[in-house]
């Protein structure tokens, strides 16, 4: 099984990190292909950047020449999942939704913790549209921007763990969904503070994509995600229009022993 | 007062029609500028086209060199209003939302009638996100695609009026919001069939934009629509990246007598 | 265009203030007529007074002999808008709802700030019935009664601005709707504290009424607001039954230059 | 125990019928006092009449000189219960709400059947405000006006039973709440058609009032129903202002044997 | 009238207390029969114990040989009311729901106060399923387990009253529903702290059962609570399967004077 | 990985069918153990049977002596998942919820089709409690009881496919969740009729359980599913109390080739 994991920003290093995380979460035999959009923002933290990401992701997937069984959009709260579902027959999984779905199976209420306050509305809107908001007790921001996180990982981990603890104690969350990624210590620190399960959206998305592919399920093509009617599109695909060379797909294959005893 | 009315597709003739409708709805002294995206679909009837429209509209507004007091996004159910609000300080009005808002002031429940079934979910999602869904009793499609409408206007008007009548009789709508445009006979025929007020989104948006501008109100810049943090955007603006020449703004000034007696 | 702005209490000085505020908000050429009920409470701060206001407003409108194009009910959270819509064909605008509607166009969540705790439920119920509650994050009271406000305007302004600041910081409001009126410094102080748009319900209602009238839209007469069936009403209209002389309409015409450049 | 049952219209014959029904539903030892407003409509079927009823009922209760333990507002979908709760310490029961409450104990979903289509919104709004709407599957109208019902009782019963049957079969109602009264054959016919429990609002209200009084429970006086602040009310009470003589209370005591074996 | 009041745990002393409370709340002439399950937990404070209670209560009722007019399930937040309604024709009342229903008649928002945090979700779920959650502003736990309450009644009363006060002051509750029982001083202390009505679920259930029985209303037998289709049940009733001797019904008859003056 | 799949009724043949379906849906290397309750109903189609199933399933799991990584409760709309989560640390998956979760990833609205009308409320309640109801457009019953299905499989398949078609055409479902099982032709026939994805709850549950186990996620033990406080349980476990011999676990191992190419 081959799953495309598409970053929502143009920073190839982040794609590599996401693909690595996806690969670690994948079942044996699943091949992860990381794609980076050829246009858009270096990081997504707002509405315009999210709209850019929607197209950047679609463009990256359409520009990928190989075969694949599912596509994961690896951004928290970004637009575009519906567009991918319209374009493709294979399952499409959004990491914001995937994290929420697994969280709902582990506890009665979950909270999402993210970095900046300005991404909270985007995550809330995505959960609302997906019908996954009812058991979301809060979306909390640590207040630290992404780049500060990288500069000061210890403080970042502490700030996010603090937001998670408030979600558990004040908002009555029983599960935490990470709405930000890339820090190895994060899950461990939160579990140490709150003793609740911590769900990473990328990992959840990989396993949910595997589940759908494994069952032979594909996106419904009646009504909402029916193929577009044939018509003239100017300036599409953007990558071609802009003369960009395709981004370099990053392939990460899981080489674990293929059978794990129960 | 100058209001930009931005078409969501690349068909300049539609922009002209929308700008004309906007101008007819405008108060005396309001100048309407119609803009056409330089990229995107020739008509918007689905998710991908809607995501393209989101960026096409932002690109068209950013590429407009003149002054303006408000922006109207003239598409039914399209993405992107939030992005415009983030980019701009002046009021931004989406016609799907504007029609719903005025309709809610005229009756207890409203229905939206549109053309194709596949646009229904997009309109429903927009109303849900805007918090305007509670009094929406249904979004009904006539089943006729846009181009057929132009080829057979009589049948198109009849089909949409039929959907409106079902909304009034079956779904208990008391007001009809048009989720499609450009036919002079439409309002008249619906009123003849159902005797309910008919709200056109473009007209509603113009008057709401005038209301906001007239009161000196601007978009809130705390949290959701705060200006983006400075960062590198690759391939933006698209128009420039793709080497497109700017679309030709269509200016329509309302030359009515400036005072109308009450 | 002539708009009746009907106070919900019997204090003529308040009517004058409301009419003045309405006039300042109105477009050039709009004439504002302030009406005061001939019966009811000197100020409305609860359920009984609100029910009295409902009838007092209807009575005042029915007793007005001149022509008019729209009616504004100028009370926060009062009953009666539905009755006016049943009685009249012209548009009817409630200031509680009008403030919410414009606020929803300026930010993702709004809060209402009002004076007394006991008016909070009335405002919440009005927003719920109008389907405008989904984006209302809180209705907060400053705890100061109306008359104390007049005696100590500085403290009143400070208390309301404090409630607004809490709404922005704690409840995540992005726009403030004033649920109380008459203080010139209020908007300025709130903007100084919170840097969010502040919407005044009276001003919003005037512009929304102008929008509806300008588009030729009238209240739907199917079902909810259909004219009453003919029947015997004892003791109605009350003003006549009680032998009251009609209240003195206060006319305020806006004499601004009629065209403002964009 | 003495319960005031207040009609919402000025037709004394209807008061007598309601008081008789209330008395038949009452426990042994409960005394029913029927009150008729001195002003308002001869029957309530719309918004204005409902606002009149709100004040007419309050006026009638305030004008009653005797002692009482609870008050029932006997109109379907009328305004005013909140005002009574503010005025009084004793329990106040609205028949629309009372019928819904008992119905919710007997089946998973209930429907209300009423006479005219124009009263449907009023009933829906009352249930929404009371938080009793979630299990209400529909409010259906038979389409026959009240007076026609009296002229053609057989046809009226058939029409209402037909609406009830549709609610059970189409809307999946498991209990029917009567939103109209005064016909002896109604319950029997509906049960014959649908085999579901039929709840009469007046009867339900009497038993709920008895329950509250029996437990010594009174209306909460913090916040929403706190006593009004002292202030000048012009033209109140209306009955006195209009020089009306008080309506004649109709007393109906239940003289059944006081103990019924279980 | 004879009402079965069924404890949800196996502690006979608690059954006696509940039956005594029920009897004190009952009308004259109502006979209360307390039943104790023959299996289950000594106290119910979680999901498994609640599922056991569901069957224990059904088993106890089926094992009762006498006649009865209604059944009360006397546990806060327990499962099983739907099963009893399926088994029986007579009215079935759950005390969690009964308390909420009467509370909704006394104030605009109510809160439930209970003992342990782990019972909060069960109570919330029961109110959600019953459609009684909309006016519930919070379910608060005092944090003290049941047995500690008995060991230290003063501290227990203080802790619960503290939770009630927070519900009134912070959550804007206007009525308190007791989600725990057995302490005579509780209501008095809460009223002393908060001056709001306090509703006990057992008392409310008795009066609501009386109301339903008094009106001749029975559970709807269409769809949700229709009698089970005939089929083989292994190991049912459990009491017989486990060889248990039937629990000893505790009869408490109310011998008050049968008529109380109003 | 070893997953217990627990039937909710006592019919061992059904357990075998469910285990076989689970095994076919499982990934290579996953071992499926089918368990049958030792008490309860031969088939579950109502509230009492569902409450029995809740305990029967818990009893069967507690009585299973081997190791396992996850538990699936294989009944549509049954009670008890929360109890299992309280008892166990390993993930617990309910098939009603699992089917809904995967369906929500494949289309905008899903419908559940089941056999008897009386199971519809149970399924609706389960989805409501799980917060998965927002995108469920309907739960439809074919009207044919389970045993008739077995006697007349062709008619049964036709009836369920008919219900599915109505859900797609009338209720606008884009995905069908099977709320009944055991018929090989069902999916094929529905896809032939409606061309929408068909999700089987058992298969979905297996893959979701695998996903959770694969990620090392376990049930949150704060608050709702915290281990029960130690206390005396009479008559538990039931199987032991009733002297039943443990049911015979049915093991079905998936022996597919362990690696499938993407």
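Going by the order they are written in, the chains are A, B, C, D, E and F; count residues from 1 in each one.
We take it that contacts are C-beta pairs under 8 Å (C-beta built on N, C-alpha and C of every residue); 3 or more make two chains touch, one makes a residue touch a chain.
Here the structure is a predicted model, which means the values were calculated and not measured.
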Third chains touching both chain F and chain C: none
Contact-graph separation of chain D and chain F, given in steps at minimum: 2
Distance from the mean Cα position of chain E to that of chain D, given in whole angstrom: 28
For chain C paired with chain D, centre-to-centre distance based on mean C-alpha positions, whole Å: 31
Residue list for chain A, restricted to those that touch at least two other chains: 108, 121, 223-225
Touch-based graph of the chains, sorted into line, ring, star, complete or other: ring
Residue numbers on chain F that touch chain E, as the complex places them: 10, 38-43, 45-52, 54-55, 58, 79-80, 82-83, 85-87, 117-118, 120-121, 125, 128-129, 145, 223-226, 228-229, 231-236, 238, 241-242, 244
Footprint of chain E on chain D - complex, ascending: 1-3, 25, 27-31, 67-69, 91, 93, 97, 101-102, 104-108, 130-135, 168, 172, 174-175, 194-197, 199, 203-204, 207-208, 210-212, 214-215, 217-225, 258-262
